[in-house]
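Labels A, B and C are assigned to the chains in the order they are written; within every chain, residues are numbered from 1.
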Amino acid sequence: MITVDWQRGKKIVANVREWKEKFHQVYEPIPSPDGEKIAAVVEVDKGQCSVCINNKTWEQTFERISFPSFSTSGSFICLVLQNYEWTLAEEGKTLEETFDYAWNLKCHPKNNSIAFNIKKGDLYGVCLNGKAWDNLFFDARETFISPNGKTSASYVRVKNPPLLDIFSFKEGVWTLAVNGEAWPMSFLSVYGCTFSEGDKVAATVRLGQQEFSVVTDGKIWGETFLNAWEGVFVDDSTFAVPAKTEKGWSLIVNGKPEWKTFTQLWHPQVGPDKRIAAVVCTEFGKWTVAVNGEPWKITFSQAVLPPFFSANGKHIAALVREKDKWTVAIDGKAWEKGFERIWSPQFNPEGNHVIAKVEIANEYYLAIDGRIRAEKYERMWEPIFSPDGKKILLRYVKEGHYIREVLTLEELL
Amino acid sequence: MEQFFKDPSIYTLVRGPLVWLSFILFIGGMLYRVSVILKMAKEEKVIYPYLSLKYALRSLLHWLIPYGSISMKKHPWFTFISFLFHICLLLTVLFAPGHIELWKESWGINLWALSAKLGDYLTLVVLACLFLLLLRRIFQRDVSFLTSPMDYLILALVSMPFLTGFLSHHELLFDYRLMLTIHMLSGEILLILIPFTKISHMFLFFLTRAHTGSEFGAVRHSRDY
Amino acid sequence: MEFVRKEVNDIGIDETLRRVDETKIKKAIDWVLQKEASARLKVFVETCMRCGMCTTSCHHYLSHDNDPTYAPAAKVKQTIWDMIRKKGKVSKEDVKKYARIAFTECNLCRRCVQFCPFGIDIAYLISLVRRICCLIGVVPQYIQDQALSHMQTTNMLWFRQDEWLDTVLWLEDELRAEIKDARIPLGKRDAEILYLAHGLEAKYMTGLLTGMAKIMNVARVDWTMPDMDGWDYTNKAFYAQDHETLGKVVKTHYEVAFKLNVKRIVMGECGHAFRTGVYEGVRYLGWKDSPIPYIHGVQFFYELIRSGKIKIRKKIEEPVTVQDPCNIVRYRGMGKMIRYIVKATCENFIDINPNFEYNYCCSAGGGMIDAGPPWKMARIEGGKTKAEQIKDTGAKLVIAPCHTCHKGIEDLNQYYKLGVHVKFLTDIIAETMEIPEEMRP
């Protein structure tokens, strides 16, 4: 893991405006999570791509660069194309093995494992930490990495009936493959792949027109539902999934409805204290968050995004939309002010403050507890709380300069 | 009512208690039907949130005014007959001299009355319209394809009170009192049946138009007429 | 007056019926008519006075020499009324007939609704028939195939993720021959606009996607396309009334938009996808309206031209007419915008009659074109009215801002020898717009 400098103060890291003159073309800049680096995919010359980090450019150039990002450990990773072959490049160094295609580059936020989807010949799979699956499939979509970083999964197609052979397709051609091993049965569709802390894996599956169920570690539940969305592990042996029964949508825990029914229910999230919060539609056109089945009193007419917990589990918040503006609702109370856009709001560790990047009239501001700070930026990234919650890291561009700045929470209150 | 108790006979029964009964069943039945439908519409979830008074009224207006919709302009004769039929029917039902007496007797309401002659003419117009509608049902291919025995039955049901009213007034066929009894009975039967047959379109019309009018106007930004 | 039709074989209907039994059929009918449908079904069925006012509003009726079995209310009679009368105890032959009527003789265009004194929503009733067929599993093979693809891939044509990404990179290369340093951003976070494409534009009609990308670059729009599933705005599950898939596809579209945190979703020129994106799909999920703006290509172009972001260099000279696609005109009143764009780009515009929301459906909509080759003649025959309507304008070019109308009219043109050609607004704008000096390669 990286150590972040939480000294209060401002640091001009690079003049990114100059890059525009230096290179043939500059793509969207990406700051590192610690704010110390600013990177962008650049075209050194027509059709020659590279990566520029803090004014230093990788030596090697590629025909194409895609899925650029910083890894959890702070290295710059991306997928690159050279001579019709794709592979991973980390800090300018490429893997030895190359692929006919590579995409969906992911890095696990805790364990720094890196995985992506690959195509070899006509077959598909995943490459995890530099090692491609031994078994490949007719198709592979999405990449998932387990909490211990040693397991990867993907939705794969295990049968290849001829085009338009609807009866074979109706028997199900999709399943989940874990480390290249496909589950023994296949489905009309499989989605919502998720791991438990103990590396158990589950997904929602569709068996028929109105038959949906859940598979955990290759074993299917006995119950089926009229419809179902993505579920979540409460612990290694408890799985909760929003599903539709004849009465409506409910949260089904290990096969049994646990919540009263709603018009809609999705995105259940589990807090540190094992409380479950989910987005619910209490009445057609009225949305809110329900915690352990109890909806907030306040509802929103346009949208409620997946709720999230404070680190101590005491508070729950969600992005909500009303009257064409986004705002943040915390424990059933919404900020007074709405914004054109808000980027992933964040709790401090105690959960009594929320910060976010917000947009007003095409300019960006830091908002804290619903108030905005006067300072505005032409470009800005999500603010980050220090682990002790006393400092806030800002990353922004002002007059062409990329700047990292640490503020104290106190001065913002 | 009192008359019936003083002199119980079929005639006084039909003229007294049955009028009451049929009105109660008509109004009660109508309220029941509408309330069931409104409840179902609530369960259906996607009806109420989109209702718009403005566009419901816009829609109703265009369809209540003769030739207020393109469809009516495209079917000039049918529109003419239907409007004539509905208007004459309503006028006769409400203002026929015999009915005015009945309203007064039963509820003490004093309404303006049609002259006997005019009432007669209107009745004949209604019957003529019904006859034309019948011919249309039989001979217009697309309509006859849709028609089921029930539709003929309804034409018959509706024509009965008018026919018998006319006959009794002119003391044709049967003796006046018998004819009048049949007339009142057929009217009462019709009234009772309204909520439970297709004739309920007389009030369901407002519900369907409110829904479709709102969807077209408020949601789809286009016209439903 | 009998229901007489030429025999057509479609394994999605015939072979499925061979494999199911009557109990499954009854179950599906009961479920839809008693559980899923409610007030509307009841009131519409009971209020219909069998007056025939709707008859001549339907192009299928007109195109089939006034055969009464093609009249709107007649289609309901031969399906819904029949099921109700038989209390769901219907034969396989019956279901075959229902499927044929619901999938291949009604475009769900809702023109008839405008002509019924009671505003009875016949398209809704026909969609219930499709829903019943879908639960039985009886769906035209080509539509079923697309719905099956949507279930997992979200796109209509079993496209793999790398195929999508690769196509876009390749299109970007192509575009650079026309626009200097043009970009087609993929998965760019925080863009203003998320642009979604039609599935076919990633494979057979790539020119159209390039045209759109060209317009985006010239208008300097801050945009992106998804680098994940959800890039294809089509939603063919709607045609099958496969609500489960329909809802999942629309949910995916909005969630991609939330993930990339864009301000609005813009889609191209397609009718059914707009309809599912703002009505059917969102309503199924519980949203009253789209949670963030969901903009149709017509609305988007109208904005670009009005605001001057796109300037027209040279207007098209040949006589032009338009097709008002039902799903965006009768369903969203975009007729005026279409004409604004057409007049801005074409010298010689001749309006069609009837026009705006009273326009006739192209006869390909509502899934009829997606029912594939077996049913091609059904839509061509049903489109006779449309063909005559176009011929009467005397135009040489038909602008159809909808994929379905576009292909449908192309086929009508060939069959009825109309001597016209068909274009999208994207084609027209990409062709006539001014490309600033500094963008030329």
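The definition used in the following text is that contacts are C-beta pairs under 8 Å (C-beta built on N, C-alpha and C of every residue); 3 or more make two chains touch, one makes a residue touch a chain.
These numbers were taken from a predicted model, which means no experiment stands behind them.
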| item | value |
| --- | --- |
| Result of counting contacting C-beta pairs for B-C and A-B, higher pair | B-C |
| Chain closest to the middle, measuring from C-alpha centroids that were averaged per chain | C |
| Between chain A and chain C, centroid-to-centroid distance (C-alpha), Å | 32 |
| Euclidean distance of C-alpha centroids - chain A vs chain B, Å | 63 |
| Interchain centroid distance [CA atoms averaged], chain B/chain C, Å | 41 |
| Where chain B touches two or more other chains at once, by residue number | 46, 49 |
| In chain C, residues with contacts to at least two other chains | 288 |
| For chain A, residues that touch 2 or more chains besides their own | 263, 284-285 |
| Chain C - residues contacting chain B, complex | 1, 38-40, 42-44, 46-57, 61, 66, 68-69, 71, 73-74, 77, 113-121, 279, 283, 288, 329-333, 356-358 |
| Chain C to chain A touching residues, read off their complex | 11-12, 15, 35, 134-135, 137, 141-142, 144-145, 148, 151-153, 158, 160-162, 165-166, 169, 181, 183, 185-190, 227-229, 242, 244, 247, 251, 254, 258, 261, 263, 285-289, 291-292 |
| Chain B-facing residues of chain A, complex | 263, 284-285 |
| Sites on chain A touched by chain C in the complex | 24-25, 27-28, 43, 64, 66-67, 101, 103-104, 117, 119, 124, 139, 141-142, 155, 163-164, 166-167, 169-170, 174, 188-191, 206, 209-210, 212, 226-227, 246, 263-264, 266, 281, 284-285, 287, 301-303, 305, 321, 340-341, 343 |
| Residues on chain B engaged by chain C in the complex (per definition of touch) | 37-38, 40-41, 43-44, 46-47, 49-50, 59, 63, 69-72, 74-75, 78, 82, 140-148, 151, 198, 200-201, 204-205, 207-209, 211-213, 216, 219-225 |
